[in-house]
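Each of the two complexes below includes subunit A, the first together with subunit B, the second together with subunit C.
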Partner chain A sequence: MEHAVQIENLRKEFKGFTLKDVSFNIPKGYVMGLIGPNGAGKTTLIKLIMNLIRKNSGQIRVFGKDHIQHESEIKSRIGFVYDIPHFYEDIKLKSTASAIAPFYPKWDQDLFLKLMNEFSLPLDKKFKKLSHGMKMKFSLCLALSHDADLILMDEPTSGLDPVFRQELLEKMSQIMLDEEKTMLFSTHITSDLERIADYITLIHNGEIIFSSPLDNILQNWGIVKSEKDLLDKTEIPGLVGYEKTNYGIEILTSDIKTAQTLISSDSISEKATLEDIMYFIKKGETHA
Partner chain B sequence: MKIIISNASQKPIYTQISEQIKNQIISGDLDQGDPLPSIRKLAQELQISVITTKRAYEELDKEGFIDTVGGKGCFVAMQNKELLREKKMKMVEDKMLEAVSEAKLLGIELKELKEMLTLLYKEEE
Partner chain C sequence: MLKHIRRELIFNQTQLYIFAGYILVFWIWIVWQNISPRISLVFLSFVLPLFCAASFQAREEKFKAWTLNCSLPTNRNTLILARLITSWSLMIAALIVGILYSALFQKNHSILYQFIQLKYFLVFLLFTSLFLVFLFPFVIRFGLSGVLIGLVVLQILGIITLVLTRASGSKGNFLHTMIDSIINFMKFLLNHPSTFFYVTVLIFSVAVLNIFTLKFSQFLFARRDF
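Right, the complex of A and B next:
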């Protein structure tokens, strides 16, 4: 399988936070969702790929090339959306676009105008006059206007209303018709992801918990609910975290099939959502 | 081709897709040789991931319902009528098996189950 991005033993140390030698690949032609609680390292990871902050050690290859040695060539093929868009405040949107366009050999002005129209963005308004949602849309519009092969988005749906989130997902699945395109986006609104992402990478405290096809995750992870305290007598396979209440216990396992065969009939098992997984991993940590 | 995906269903999305296509082939709504939308096209239209669609098609291919022609896409496979009937029979058998195990759980005896079946069969007519 060809990879659009390869990350090996990537390390970044900050005061109070370390991205701990993470490794994973983003297969070309697919959508990867990067999820994790606030402060897990999602933005750090994306900024490292873009070389906006310096790594301490490790290697990042984009389109098979070192991301620092071939920085400008690589960046011209990336569409990037920051979690908080920053553009010149006092300049009209159309002028911002014409300032940015020359950096991209494949800039498509017609496409840009079409997107601006689709997203109902006013060309003659100044950036500072836009609402947060509109700033986000404008940033997306720029990222999608130069036929980028890799689209990196840091929390693109935060601050957007459900209608636009839906429109964005439509746009994304339209882009993915082309098997040369690859997408990575981080989010903590996981319901956005559960249908469109091919792969999910879960990051927690600067470590990768898993990076695998979404279908596998949804198939293998599950929640067992019971009135009895199952942990007393049975070893639950794939136990990740649990929560006890006055009325019973809920357990998250990464091996629901085996777990199901072991537990008694008075407990029930359910599919786990990505949100469940994030929540219980956080829980599992506090038990340890 | 019609496909409806339910988020509330316990069945994984790829199974929902492959089952619905299968049913349409068996019922004759999809004829042999009919082209299926490409994997990426279907993923876009249903707004689901490419891997999920791929998996649904792989399943159909494995079971002989569709043929994958490299570079051209997927087509409804030539179905021999007997094979199709057999597959339908198998589906009936599976459903009956389900009913039988439920019945056993409830302690319903074979005689009683037969009576229920006869009653239902006649009602349908």
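Right, the complex of A and C next:
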């Protein structure tokens, strides 16, 4: 399988936080959802790919090339949307686009104008006059106007109203009909990813917990609920985390099928959502 | 490189309007008051880098636009090179405005005559480069707040210098001697005959200072995390 992004043993140390030797790949032509609680390292990872922050060690290859040695070439094929769009606030949208456009060989002015129109963005308005949602839309317009092969989006739906979130996801789905395009979509709103992601990477405290196809996760991960403390008597296969409640215990397992065969009949099991998985892992009561 | 310069000019257009207005008023005032071209040269050498180089970086910091600039298909070294070239282009343009204004509106054309002489032009470049060699990397490393703190520190140092000079008398005071040395150095540069050797040394110094400014600034910018 060809990979758009390959990350190997990537390490970045800050005061109070370390991205710990992270490795994962993003297959070409797919949507990779990057999930994790706030402060898990999602933004750090995206900034490292964009070389906005310097790595301590490890390797990042984009389109098979080192991301620093071939920085310009690689970035000309990347569309980026950051969680907080930072543009020159006192400059009109059309001027910003006009300053950026010459950097992209495949910039399509007609497509840009079409997207601006679709998103109801006024060309003559200054960036500072836009609402947060409109700022995100503008950022998205720029990212989609140069036929990018890789689209990096860091929390693009946070702070957006449900209507635009829906529009955005539909737009993303349309873009991904082109099998040459790849997307890395970071969010903590996991329901967004369940609609469009092919792969999910969960990051927590600077570590990759898993990086797998979404279908595998939704099929194999589950929650076992029981009034009895199952942990005392039974070895739960694929145990990832658990939570003791007033009514008993809830256990997250990555092998729900095997777990179902072993647990007592008075227990119930259900498929885990991405939100469940994030919740249990964030709770931190993980099984060693 | 042109697309980089164009980007700098578009993103800093608000600053450019202020800059253009300031430069116009500055030259009108210089010509109207018939202020010595030498003083205007020294003054310009300090004001122009502040207006161009420092303010562009300050705006980038204010809007956190380095995220945008550094995400474009380019590398950080080119961004810094572009900023330095844009700054120099604007500073030279400001000088040309002064020369044209002098040619058109000044009776004795003193600014015109002075600045079109190679020696004076090179001394202007040298003074500006000397200021830039401190200012440009300083702003990259410490940002706008660093510049403001730096200016306050300079003010305090100036006051201390004044107080110390008065307290200890002018003769033998280190700070006073240092200021005298700077003034004498300026006079030496401006009064020295325009020999081939002298002109060559000036050109070489300007080149070395700017290469150092560029390389050191690129080094600092490459080390920053955004």
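Just so we're on the same page, the second predicted complex is superposed on the first by the 283 of 288 C-alpha atoms of A that agree within 3 Å, B and C clash if a C-alpha of one lies under 4 Å from a C-alpha of the other, contacts with A are read in each partner's own complex, and residues count from 1 in each chain.
One rule holds for everything that comes next: contacts are C-beta pairs under 8 Å (C-beta built on N, C-alpha and C of every residue); 3 or more make two chains touch, one makes a residue touch a chain.
Just so you know, these numbers come straight off a predicted model, no measurement behind them.
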Once subunit A from each complex is brought into register, does subunit C clash with subunit B or fit beside it?
fit
Quick one: is A:158 in contact with subunit B, with subunit C, with both, or with neither? Answer first, second, both or neither.
neither
Between subunit B and subunit C, whom does A:219 touch in the aligned arrangement: first, second, both, or neither?
first
Check the residue A:73 against both partner chains and state whether it touches subunit B (first), subunit C (second), both, or neither.
second
If we overlay the two complexes on their shared chain A, which of subunit B and subunit C does A:86 touch? Say first, second, both or neither.
second
In the superposed model, does subunit B or subunit C contact more residues of subunit A?
C
Just subunit B (first), just subunit C (second), both, or neither: which does A:31 touch?
first
Of the partners subunit B and subunit C, which touch A:260 in the superposed model: first, second, both, neither?
neither
So, does A:170 touch the first partner subunit B, the second partner subunit C, both, or neither?
first
Considering only touches as defined above, state whether A:52 meets subunit B (first), subunit C (second), both or neither.
second
For subunit B relative to subunit C post-fit, closest CA-CA distance rounded to the angstrom comes to 28
Which bits of subunit A are touching subunit B when the two form their complex?
29-31, 169-170, 173-174, 176-179, 195-199, 213-215, 218-219, 271
Enumerate the contact residues on subunit C facing subunit A in the complex.
3, 6-7, 10-14, 59, 63-68, 70-75, 223, 225-226
Within the complex, subunit A is touched by subunit B residues 7, 10, 12-14, 40-41, 43-44, 47-52, 55
Report the residues of subunit A in contact with subunit C in the complex, numbered from low to high.
47, 50-54, 71-76, 78, 80, 82, 84, 86-91, 95-96, 98-100, 102-104
